[in-house]
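Letters A, B, C and D mark the chains as written, and numbering starts fresh at 1 in each.
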Amino acid sequence: MIAIALLLLAPALAALVAALIRDNARRPWVLPALGAVHLAATLVAIATRPIAAHLDDALVASLWLRMDALGAVVLLALSVLFLLVGCYAPGYLRARAERPNRVLVVCAAVFLGLATLATLSQHLGLMWAAIEGATLACAPMIYFNHNQRSLEATWKYLMVGGVGIALALLGTFFMAYAAIASGHPVELTYEALIAHGTLSEPWVRVGFVLLLVGYGTKMGLAPMHAWKPDAYGETPGIVGALLAGGMTSVAFLALARVVGLVDALGQGAFARQALTVMGLLSMAWAAVFMIRQNDIKRMLAYSSVEHMGILAVGLALGPAALPAVLLHLLGNAWAKSALFLAAGNIHRAYASKHIPAVSGAILRLPISGGIFLLGFLAATGTPPFALFLSELGMVQAAASAGAWWTASIFLTCLAVIFIGFSATVLAAVLGDSDAPEPEPHLGDSWRTTAVPVVGLALVLALGLWMPAPLRHLFDEAVAAWPSRTAAVSLSQETLP
Amino acid sequence: MTWLDPDILAPLVLRILAHLAVLLLLPPLLIGLIAKVKAFFAGRNGPPLLQPYYDIVKLLRKGTIISRTTTWVFRLGPVLGLVTAVLAGLLVPLGGISAPIAFAGDLLLVAYLLALGRFATILSALDTGSAFEGMGASREATYACLAEPALFFGFVALAMLLPQDAELRLGDLLGMAPVGWAAAAGGMALITAAWLVVLLVENCRIPFDDPNTHLELTMIHEVMVLDHSGPLLGIILYGAAVKFTVIGMLLLGLLLPRTGHLALDLAWGVGSLLGLAVLVGVIESSMARLRLLRVPTLLVSAALLAGFGVILLAVR
Amino acid sequence: MDAATCIAIAIACAALSSVPGGLRRGAGAVGSAIGLGVAGGAAVVAGCWGLWAPATLGAPSAALLDGWHGSLAVDGVSAVFLVACGIVAAAAGLFGAGYWRDTDQPAAPWTRLFLGLLVAGMLAVFSAGDVLTFLIAWEVMALAGFALVATQHRRSEARAAAWLYLICTRVATLALIPAAVLFVHLTGSLAWSSLSGVSIGNPAAMAMLILFLIGFGIKAGIVPGHIWLPPAHAAAPSHVSALMSGVLIKTGIYGICRVSAGLDAPPVWWGGTLLTLGAVSSVLGVTWALGSHDLKRLLAYHSIENIGIILLGLGLALVGRSIGNEAMVILGCAGGLLHVLNHALFKSLLFLGAGAVDHACGTRQLDRLGGLARRMPVTAACFLVGAAAICALPPFNGFVSEFLVYQGLFAAVRGGWGWALGGLIALVLTGGLALACFAKAAGVVFLGEPRSPAAAGAHEAGLPERSAMILLAGCCLAIGLGLPLLQPMLTQAAAACAPGAAVALAPLPAAWWVSLAAAAIIAGGWALWRWQARRLVGSGSAGTWDCGYAAPTPRMQYTASSFAAPLTDQLHAVLLPERHHPDLRQYDGNADAVRLFPSQAAFANHPRDPMLERILHPIAQAGAWLCVLLRIAHPGQLHVYLLYLALALIALLLWSLA
Amino acid sequence: MVDLILALVMLLNFALLGSGRIRVLIRTAAMQGMVIAALPLALGHEHGTRGVVLALIALVIKGFVIPAILLRAFDRLNIRREVEPFIGYSASLMLVALGTAGGVLVGRHLPLAPEHAGNLAVAAALATVFAGFLLLITRRKAITQATGYLILENGISIFGLTLVGGVPFLVETTLLLDLVAGVFVMVIVMNHIHRAFTTLDTRHLASLKE
């Protein structure tokens, strides 16, 4: 209870403090402090969850807040990611002393608070509001560099994201009306909606479509992903990491809750088909754009699109694949942090993020280059990194569901993506560079490399060893999946 | 210990001695006979029949000059050439006279012993660093590659005739030849023809190579040994003669009757070997050497002929 | 203590060897060599031990994310591979200790670091008790291999090779993942040993076998999955190439063996497919080798050939199991497995030799070498041993295994399975072409006169390198002489690979005779050598006979290209080399164009991998072009992106209401 | 009464797509916002004081605050007054007609609760959302796109206010706050765009592409 309060209050307080601090050099230290407090609160909240169960009902009734297993996993991903990014931020912002960072730091804290709220909320409307707020908080962060390109990226992010999130609101209304149309009182908490059992079929279906498009836009599922390469490409690595690991994870959580709801309301089959199509389309789209992609940050953006597609496909495979999906979410969030931060280091040292200019990073920046290479391997699901286990788990779930076509397209896309991704990464990391040596302060130092190393180590550790509490969370998430129709319709899966 | 029984041992020892005698003593005579036949066709008197023996003995006693470029590989070629030819000969029966050594799969050892000899000779030629010898080595390697399938097609054809439980021994294999002639004479004829081609190409005879010319550009075997002299050349000449005999014995294995009498078998064997030498002499006298570019075509056709032979025997 | 513990120790030693190996000190080289030596020894012991006393360590369980601990298991199937890996790893470690010194090769610690991981990964692959452990070890091995291929990444061809290797190995893994998933789906267990009892008739099982074949085939370098192999082997440091060619590609063979051994009744198409692929790979591999100008690429193509020979044997054994022909099973299995070991020995020997040459001369281009036998006598002798062995010439080990495979093929033909004739002809052709190819390679590199100043200034390899090569050459000869001693091991391993067939009892035919023949060659050769040596004492020396031309130069020697030309001309259709030659029409027809002295002309012949350059590369280019064409989907206009959003919404709405 | 208002909203959609001047466009959007904000009052029942207060707040925000922000930006940035569509006005109008028809059709498929039977709300909401999309997709200037976003939100409000009467107070206020904050951020970005590019034509914002 206290931990949950702290989870929400600490970011608000941190935002306030950051807004008040005048010293541009000292302000960023708010972020690691906030990250540490937040992670501690997260861990305590997760650990005390079973004990505090009786308090939950009160929280749900009054504030629609509760930490369920699904939300806890996403919160964990977010919190660790934020701590990593937070620890990296002071060093980075010191190197970027020419830019005032008040807006960035405040927005990052606000983003964390709203994202946390989204993971805790058990109410469709509250969740929507939190995500909308988080979306808005990200816009100034994307514009951190204050140049034309980042401005363009911000505008696109804002418009596409704004329209998407507006559609999610309409979808939320549709869900609410589905209850009304079936003669129930309006109630937007998941529990209440699920308790209705069956609701008006067309409303649920259309509502799901709107929510899928809405939260899919935030996640970055193709073809609503177009803001992603622009935003990730033009923003600092820390913001890219927060967006790719945090924003998308929270949007995924929203979608997962909606899918669980729709599943419970009897429209699971349609939801899964739609998710499968969107997921595979995302993977294929990402694959196409990763071939001969010579901008390393846009490459990471398309990789993010791919991973969101994987998550969507995994979600479509039902509760059986849920542990794999959650593991993938954790691995993706942390691997992306390492990749974005390493890409940022490379970008700074070379003053470019395009391939002919960037080459031989492993000689120039041995650690950042190595992290970039290893991060690429982690992101492409190489054993023993966690994402291998999760992708394996999804293929296994697909096999046991008899979804052969899904599995085939999934694996084909992974192969093409690997080819495209590897070409760019190897070109950047290997070889010799004729660019001049970076200035000493732009080279590798522990400040710029320790954090991505830790992020990567986490992904590796998760691939080798699954902590028991985490496994319990996964199991609980599966058990709590509000599915009525888990067994139905998977074997009838067809692709249009 | 039944095999110590003199009644069994004596004929065995006699057969082995006869085989060894043919293998080790006869070869230079065959070479001499070929030369004599060619001289006859050319209307010359020609060298004496025993000339190759004289040559070899003379060479073995002479001194030698060795190229400064070379290493031990240069001298290993002749040595292995002779050793492998003799060892291969020990595995090949001469018609009814069974080989001293026979075991399952010995035919493979024969093929690979000859290959070892060839490998050593080629390396020995390359060791001199001369363009001419390299040229000969290259051709030798090429033609051997193309000749090998024909030989193995023959083996396969005969192997298909063997009873299921019999071991794959060369003696038993060639012993199936009469069965083969009875079953599908056409197929056997094709294989015999192919093996004759193998004999000619493996021993570098016309129409594949002309052992008499001294135009280096047209030669194969002779040009490979340009730099060998004295005892080394003697070993080479003797080894080449043994190799000719061994492959001849293989070829004749397809044709010779098995009488069961040692003397009769020996007479048949030696007689037909001499006949083979005459045949080679006739071929060399009546044909011109092929253009080098045409040789592979002929070799491939020989292999295809043997392949057809296999098919004919398979569908008999 | 049992075989599985022993192999665990070996894996640990190999992995730990990369710790000192990664150091930039003299101790790094020694530590790495000792670690690999111990690991190799332990692996050999574990392999032999596991042959008679199969052992497992750890407990595999069914659910993927639930309670998987990893497991190791050593049995007859892994034995041969472990022995091969152990010997080659020890030799490569020894060679590596002297080959690249930290002073002249800044990448030496990098190489040692990943060499240890590579060996550990390979040992773990050979001894993984369950599918998941296998996959993880597989990828660790593959990535260590990638790091090693990329060692000299400043060179663009090394980068290209590393990339090709990486994508090929990933495609293989992406085939193995669904295969493993199907495996679990079919057997309900992760353990390799659980495959027996699964019926093979259904489509899922067929798909599993095909996916396994694709994954393992790419790794093993079976045509057409071989494309990564020549560039990667050429780019890696030579002792790494030795390990890759000797052992790494065998992991694919091991996988095929492992899966096949689990099948109760392998279908005929499975063995038949393997046999066909083996025949195709062996002939094409050796043909492409013949066209190669680069010593290490040539050796790499020969690896494809030898993988083909191994597959001939294994395919034969599987067909034998399917049609119930015991002779095929024992001969094919024993021959194939022995060839695994033999190829590991002689191919790594040859790669080490090539490495010594590369190090001494700074080039691997055949036509720039020559005359090295005088300058590097030990290397030359060892290379010649390897060359004779790979050409299957007695008295070396290559002959022994091919002898068995040949007999198996004969047994198949006699047993009425006529398809074996194709395999037999392939093997015959391969034998002849390999002999030509190695006569070319050994002759051009080591014999004659040096063709470049670099070759003229070559020096003999150091003591560690020479000892590594002598060790491997000794092994080649020992197996050539000692088939009867190996026989119990071989039959035991064959029995493990072909469960159900009574092969363990049947002796290999003529094992003693083969050894006797090998001994006879050596004895006869030695006697005659002594005789001629005595006869030739005091012989004179002169220059090579130059047919009257007064000023021959080393450049006039027959080159590798010209040596192979008669054959490559015949095989033009398979080689498809890229040729640049002058337009000869200028010399005929137009009288004005004919000059007294023809102008200077140049001819260049570039062997290309036809599968890669003529087939896959254009396809990949077209695919990439298509992808670039699709870039118009991101024009940068916000309107378009919003239109996508609207269209997605409308499409989904219509679907939801349909 | 409600249907009349909704019909008016749909008519305003046509006016929005047909208007060629930005000022007119913003004014029309403001009018539509006010009409929609008034909907709860027209519905009349079961709202109480809280509902009335909320409706009034919404009316002020949509009718005055947001248009004022936009118009201020428009005046300050001194941009050309024309809307500059990608497709012609008549084509736009035809598309709106199509969208309205589509909205009606989709509405037919969605069974309404008895108390809403025959209500135009679904059709009006979808048609307005579609009109918002049209403005977003077919108009060049950033400010017209922001207006399009506003219209989109209007469409959503129609649905929320008409049909989901019982949306909790907290959520409704959050919606309004979000809308204001969203438009506010957009206007800030627009200011920056104008400063950086000296135009609001979004065709110039196309340097980030593949």
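Here is the rule we use: a residue touches a chain if its C-beta (ideal position, glycine included) is under 8 Å from a C-beta of that chain, and two chains touch if they have at least 3 such contacts.
Small disclaimer: the values here were computed from a predicted structure and weren't measured.
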More C-beta contacts across B-C or across C-D? B-C
Centrality ranking, top chain (CA atoms only): C
Counting only Cα atoms for the centres, state how far chain B is from chain C in Å. 35
Find the geometric centre of each of chain C and chain D from their Cα atoms only, then give the gap between the two centres in Å, rounded to an integer. 68
Can you give the whole-Å distance between the Cα centres of chain A and chain C? 43
Rounded Å distance, chain A centre to chain B centre (Cα mean): 77
Mind pulling the residue numbers of chain A that touch at least two other chains? 155-156, 159, 163, 167, 202, 206, 229-230, 289
What are the residue numbers in chain C that touch two or more other chains? 631, 634, 636, 638, 642, 653, 657
All pairs of touching chains, each written as two labels joined by a dash: A-C, A-D, B-C, C-D
Taking the complex as given, what residues does chain D use to touch chain C? 86, 106, 109, 133, 136-138, 145, 202-203, 205-210
Residues of chain A touching chain C in the complex: 155-156, 159-160, 163-164, 167, 202, 205-206, 208-210, 212-213, 217, 223-224, 226-227, 229-230, 270, 274, 288-289, 291-292, 323-324, 327, 360, 362-363, 377, 380, 382-384, 388-389, 391-393, 395-396, 399-400, 407-408, 411, 414-415, 418-420, 422-423, 426-427, 430-432, 466, 471, 474, 496
Note which residues of chain C are touching chain A in the complex, please. 64-66, 132, 135-136, 138-140, 143, 150, 153-154, 156, 159, 162-163, 166-167, 170-171, 174, 177-178, 180-182, 184-185, 623-624, 627-628, 630-631, 634, 636, 638, 640-642, 644-645, 647-649, 652-653, 655-657
Where on chain C does chain B make contact in their complex? 370-371, 373-374, 377, 380, 384, 388, 391-394, 399, 402-403, 406-407, 410-411, 413-415, 418, 421, 424-425, 428-429, 431-433, 435-436, 438-440, 442-444, 446-449, 509-510, 513-514, 517, 520-521, 524-525, 528-529, 532-533, 535-536, 538-547, 552, 554, 556-558, 562-567, 570
Where on chain C is chain D touching in the complex? 631, 633-639, 642-643, 646, 653, 657
